[in-house]
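What follows is a single structure, written as structure tokens, with notes after it.
A, B, C and D are the chain letters, set down in written order, and residue numbers restart from 1 in every chain.
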Amino acid sequence: MFTIPTLGNCVIPTPIKTGLFVDDTRSLLFDRYIPGVSGLKETEDPVTMEIAGPRENIYFDPSKVRAAIVTCGGLSPGINDVIRSMVMELYYRYGVLNISGIRYGLQGLIPSYGHPILDLTPDIVKDIHRTGGSILSSSRGDQDVDKIVQSLYRMNINILFCIGGDGTMRAAEKIAGETRKRDVSISVIGIPKTIDNDLSTLDQTFGFDTAISEAVKVIQCAHVESKGAPNGIGLIKIMGRSSGHIAVSATLANNDVNFVLIPEVPFSLQGDKGFLKALEVRLRRSAHAVILVAEGAGQNFNPSREALGTDPSGNVRLFDIGIFLKNEIEVYFKARNIELNLKYIDPSYIIRSVPAAAGDSIYCMLLGQYAVHAGMSGKTAMVVGRYDNQYVHLPLSAVTSRRNVDREGPLWRAALAATGQPPSMLSE
Amino acid sequence: MFTIPTLGNCVIPTPIKTGLFVDDTRSLLFDRYIPGVSGLKETEDPVTMEIAGPRENIYFDPSKVRAAIVTCGGLSPGINDVIRSMVMELYYRYGVLNISGIRYGLQGLIPSYGHPILDLTPDIVKDIHRTGGSILSSSRGDQDVDKIVQSLYRMNINILFCIGGDGTMRAAEKIAGETRKRDVSISVIGIPKTIDNDLSTLDQTFGFDTAISEAVKVIQCAHVESKGAPNGIGLIKIMGRSSGHIAVSATLANNDVNFVLIPEVPFSLQGDKGFLKALEVRLRRSAHAVILVAEGAGQNFNPSREALGTDPSGNVRLFDIGIFLKNEIEVYFKARNIELNLKYIDPSYIIRSVPAAAGDSIYCMLLGQYAVHAGMSGKTAMVVGRYDNQYVHLPLSAVTSRRNVDREGPLWRAALAATGQPPSMLSE
Amino acid sequence: MFTIPTLGNCVIPTPIKTGLFVDDTRSLLFDRYIPGVSGLKETEDPVTMEIAGPRENIYFDPSKVRAAIVTCGGLSPGINDVIRSMVMELYYRYGVLNISGIRYGLQGLIPSYGHPILDLTPDIVKDIHRTGGSILSSSRGDQDVDKIVQSLYRMNINILFCIGGDGTMRAAEKIAGETRKRDVSISVIGIPKTIDNDLSTLDQTFGFDTAISEAVKVIQCAHVESKGAPNGIGLIKIMGRSSGHIAVSATLANNDVNFVLIPEVPFSLQGDKGFLKALEVRLRRSAHAVILVAEGAGQNFNPSREALGTDPSGNVRLFDIGIFLKNEIEVYFKARNIELNLKYIDPSYIIRSVPAAAGDSIYCMLLGQYAVHAGMSGKTAMVVGRYDNQYVHLPLSAVTSRRNVDREGPLWRAALAATGQPPSMLSE
Amino acid sequence: MFTIPTLGNCVIPTPIKTGLFVDDTRSLLFDRYIPGVSGLKETEDPVTMEIAGPRENIYFDPSKVRAAIVTCGGLSPGINDVIRSMVMELYYRYGVLNISGIRYGLQGLIPSYGHPILDLTPDIVKDIHRTGGSILSSSRGDQDVDKIVQSLYRMNINILFCIGGDGTMRAAEKIAGETRKRDVSISVIGIPKTIDNDLSTLDQTFGFDTAISEAVKVIQCAHVESKGAPNGIGLIKIMGRSSGHIAVSATLANNDVNFVLIPEVPFSLQGDKGFLKALEVRLRRSAHAVILVAEGAGQNFNPSREALGTDPSGNVRLFDIGIFLKNEIEVYFKARNIELNLKYIDPSYIIRSVPAAAGDSIYCMLLGQYAVHAGMSGKTAMVVGRYDNQYVHLPLSAVTSRRNVDREGPLWRAALAATGQPPSMLSE
């Protein structure tokens, strides 16, 4: 079983009045596939996960506890829904009245930035889910853990809810470790956010469905543009640093994409089996093409072969594959004296900043509620997430590994079928 | 393990070229909760489900097989996506060229109706997912099983894909039984469709997410209307014959609903604890209210207490709770001489007839592909569905039971919190 | 020239700093068609209209004036845009700080209702255009003019902006007349609102474009429903009390409607040339049909032939042509033993309560600004409106007449072509 | 009066059965403002325009005439609506059965390109208005007039409908001139298309309303992004080569823009009154900003001061003001050591490629019908357009002049008010 740290014994009866409580011993199988008829018994000691939900007894006294919420990293649809849900649950279900909104990510916990705290109340948050982004704003990058813990201590924060990606989860782990070292009882609960949807131990990250819906609209426009001129090409660069989930899902939802390029599937540009030749074949046959490239695809083409460094979030800076492809395509067809009308679209900012669609709204609401239950019961150094359709607790460290698009799985095979692109565009 | 009938031995190698195949012995646990640490071993013989996916050997020879697709019952977003996916998978992945589209549901298999067959090809179906409804059209109601089997036999159909609800799954079971009795090798595969999302053994039915998105737009309008006049009320009747999943999910996605009434939660009209009094209290405080009522709620109010009979699909006809509530509310407030401006909205037809949203499109595509894999491998009398995030095979009989909104579960509790309505509106 | 009454001499310099001012003598031709080459000179004394816009000198001292805004009648997209625009223009361009929002229409000016005044400031109105409806709420019906004028006087209101329909314009005229009689200097400025778009002396009413966009979505759903079942009929009742502008425009924007029925074009039900026979012919040929009926069409079918009275706005109550047609159609086909699947949709409330689309937003903003210019310059008993693409002043009385769909004009002819319905469905 | 050339006498009775016909002598005043009370009489010989509409007698025999449609230049919402309308009107109202769709703009009339002709029928065009772009595709650039006229002659084309921009109208004029010279009776009718909406003698170009609606969505995203990070800036480059109509209208429709930069209003970057200083002031006060820049703004900043040449359409290539501003802003704030998070969005391709919104659909339908009436009555070298809400005929030469945003007019003044930007950002 994944072990979730706790701050101590839960002896305070929860003020939640109705509903079935969840017991810490009730857990969920991590791997529930049975390879043969007698298979189950062989797994003597299966890996399990703690079930999320309200506990009958909690650790913090709602009348005294002070919670804080911080949002870090890039935008994703649904952040405001999660914030809203946590505030509503803390306030109305537990009676927690002191909720601090930390502005501009972890910067908001470093006094020298001077970002004021936003007191979060039901009245403040009641309509924020109708708008994209984060009312708390966000920032990228690590901050000094010592100073963060001092701020939490000085502000009397007992529970810190961190909405963010990989870097934020690592920071949350450091904060949780530091508070334990100092024997300060602060619960640190993570709500994982990555629009790339590449966390291995979770079903899907919030905002992903909404992002796909928006991506589909852009692809339709690229399709129209590609058909609007002789040898028209719609080239779209989309999110996906190390995995192609957004690119593949958008391809499947729409069926207008002719080439989808993702980090998991290397490809060549030149050569008889390469991408440019395949594109030429496509144009000669159909006179137009839509290309969807994940930002992390084709990083091997970086001509300078030198490191681009890291961004403030600690992510490796990516070589701009979109602009690179645009140029390579134009050069290739110019050399062959073929008229080309390439329209390049980079829609990331208009995909990730919309309000959450209905399904994501409900998902975010439940994530927020389960995060509050976990925090109030004194859990720490953990995240809430949905795993095989069930909300569970997982250690912070368990959600940082990467989940790739499986090249043998049904999604990639379906994407190959939907695009009609060659199964491999890798020249020897 | 749920046993899935098969037509015989699979000895023909599948033409599917890439990808991992699934083995019939690989299965999924039905209940993967472990009540205590040593719990798993106690479950000596757990219930399991067959995993969906392509098999290494198949039963039907793709060059000779003839498939048919029929769509029955009411509309739901995504039907065309499922049809499209099945045709594409049959045609391009298996090489099945003969695919018959049966028009107007089971009527299309009864010669006397005279509905012509529509030959389905990639060219016919390639853009149909952009439109709501079913290109095959649909109809309600049972038809004579003998005549259906005779038609299938006469048309040389080997696989029949049935997209439909409860009644359709029952008909499919009868057809499968009759073909076995006659020793005719016809595979009957169901793809369950119910916009009500009330099937107990499946995660979610296709079209549900899209329906919620549309319902949310209508609720926003009702909210605006309710605030636009003194004591304005927006009263919306929504789908949900025996369960309130749509009503509850739409309530949670939107947060504008003040009263949500569902079949699972009985309520009184009159009395101090009744709904009308609660509504009056709300209006005196806030001067407007939005009420969302599932069509199956409050059936006990049927004043004539007499059976309304059944519709052609065999469903019990419902008493019109929307119009009934409209009248009761107007009478109540008129009697108290309180100005009232009630706007009644019945949006069902404009919710269920839209094209599938992106998430539902991908879901429908995968459902269609798994249905084809099942049919080609000679499975019969079964449905494909997603269970705990995994695609599985289930016997037709296993998906007809009803799943209700759990009155102690997180969704209903969240709905109570979102509306602020009294936990019980049941007078003694 | 249409004469616009004024309260007196404009001697106060306007605080508007930039821009060209408009002179009262600059006016616009009412009829600018020239029947022949030498035609113009024959029109010795043409009817003209005063041009709207800021005047170099104004009547009211911005530092002392107190403005009020009231919204009456049914909702229409863009009301909040007009309110927002007037508040912004009064506040920032003229420096008027006292702006009272009258709640619930004219009720808000009758003390006994007890509706509190809402002080309108830029901060209050800055985001209201993102929501449908009216933040001031509305009500229908006349109120006592004496009491209204007493309220205005007691509240020291100098300019009253009335957003509303016919009834409101009549009320505005009475208020303006009464204030003149009492020698109270109150400017009464109307901004005509009718989603029916049937005012003869204005290009188009605000909200109309938005309404058509929403209607088109509903028609698409009805079309899908009609094709989803044997002899499917989508029957939609839409706004349009005495004119069919919405019905005809939605028909033209969409091209899915097969029958459009409007008040201006009488039709028979029975008989060889009647509507039901035409519908039967259509179903026999195409097996589905979409019917769009304006609420004011076919009022002659009222079986009781008795007056239905008037609603609180003074409008004659309409016989429900939608439900009537639904029943007549069902009876007709039942008698002929023809299966029929009729889906009835009444979408008015979800059409008129959405936020204004971009074009309407800009239109409403300009209407609001011109209304403020008119009010500040002491005009009264007038409306602002767009006439032949130019913003003008018109007497209140000039905008109450009705504009019908011209049965010989391009719109109706295009609607006949788009639907394919018989040019006349009137039996002898 | 603007004189419209005709091919000859109209003696063939039109097959149009109903409706009022329009007479060539009935015309519309070009300037209908009256500067003073007695003003009209002074204008002895006013400029007038021919009214568009069906004529009682036509020039071409419908049974023999052959029409062609060509679409040139960049995409704009509604092109397919115009094509659809012309085909429907030619086919059903006039009985013209031979309608040729020229592929890829004027290239389609040059045999060496080898683009095949698309025969246009009601069946082909009936659903094309649901998709953006042009089913005929398009191309940029002039082609040899001789070859074009030879092709028209060889194909027996009698009427050529040209949908396109400035360059296309100039080409149309040359074609019309060449045909007259050769004494070939070909009517050349233009339907002006420019998403920039900058034609001086027309109310508004088709697609403009739709474009604004899309632009508003992008601006909302930029606004969310700008608030999502410390000193967040959303910088959007939008269409508008020589006029800022799109930028200004989108600003007004949305109210989220803080700086709008257009070609008509020069600005400085540096200096106390310059844009960068104003931006710094804004960030210090509000910590975020949305900047909307028309592509033609700030061309004076072109650092190389050299000509960029012209594109294939003959338009001067623009210096990329978007990227330039992005860099200048980043340099400025880096030099001042101020954290900045700039998100750059270039949405042109996703704005211009959507299907027409409802209002534009109706407008395009009427434009198409009037173009057909003009062509059938033998007019040539002219365009149809809406002027002051009335459809008229104008000589091709009359619509090539440019209409700018009036810096003293209500739109720009409203834009200044909506953004709060300084009235002038021009340093001495």
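FYI, contacts are C-beta pairs under 8 Å (C-beta built on N, C-alpha and C of every residue); 3 or more make two chains touch, one makes a residue touch a chain.
Since this is a predicted model, take the numbers as computed values, not measurements.
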Hey, how far apart are subunit B and subunit D in touch steps, shortest way?
2
Where the centre means the average of the CA atoms, what chain is farthest from subunit A?
C
Centre to centre, by mean C-alpha position, how many angstrom separate subunit A and subunit D?
41
Taking each chain's centre as the mean of its CA atoms, how far is subunit C from subunit D in angstrom?
29
Centroid from C-alpha atoms only, then distance subunit A to subunit C, rounded to Å. What do you get?
47
Which parts of subunit B, given as residue numbers and ranges, touch two or more other chains?
none
Taking the touch definition from the header, please name the shape of the chain graph: line, ring, star, complete or other.
ring
All pairs of touching chains, please: list them by chain label.
A-B, A-D, B-C, C-D
Touch list for subunit D against partner subunit C, complex
1, 18-20, 25-29, 32-37, 40-41, 43-44, 46, 48, 51, 53, 88-89, 92-93, 126, 129, 203, 209, 212-213, 215-216, 249-250, 252-255, 357-359, 361-362, 365-366, 369, 388-390, 408-410, 413-414, 417, 423
Sites on subunit A touched by subunit D in the complex
75, 104, 107, 131-134, 137-140, 217-218, 220-222, 224-225, 227-230, 232, 234, 343, 345-347, 349-350, 353-354
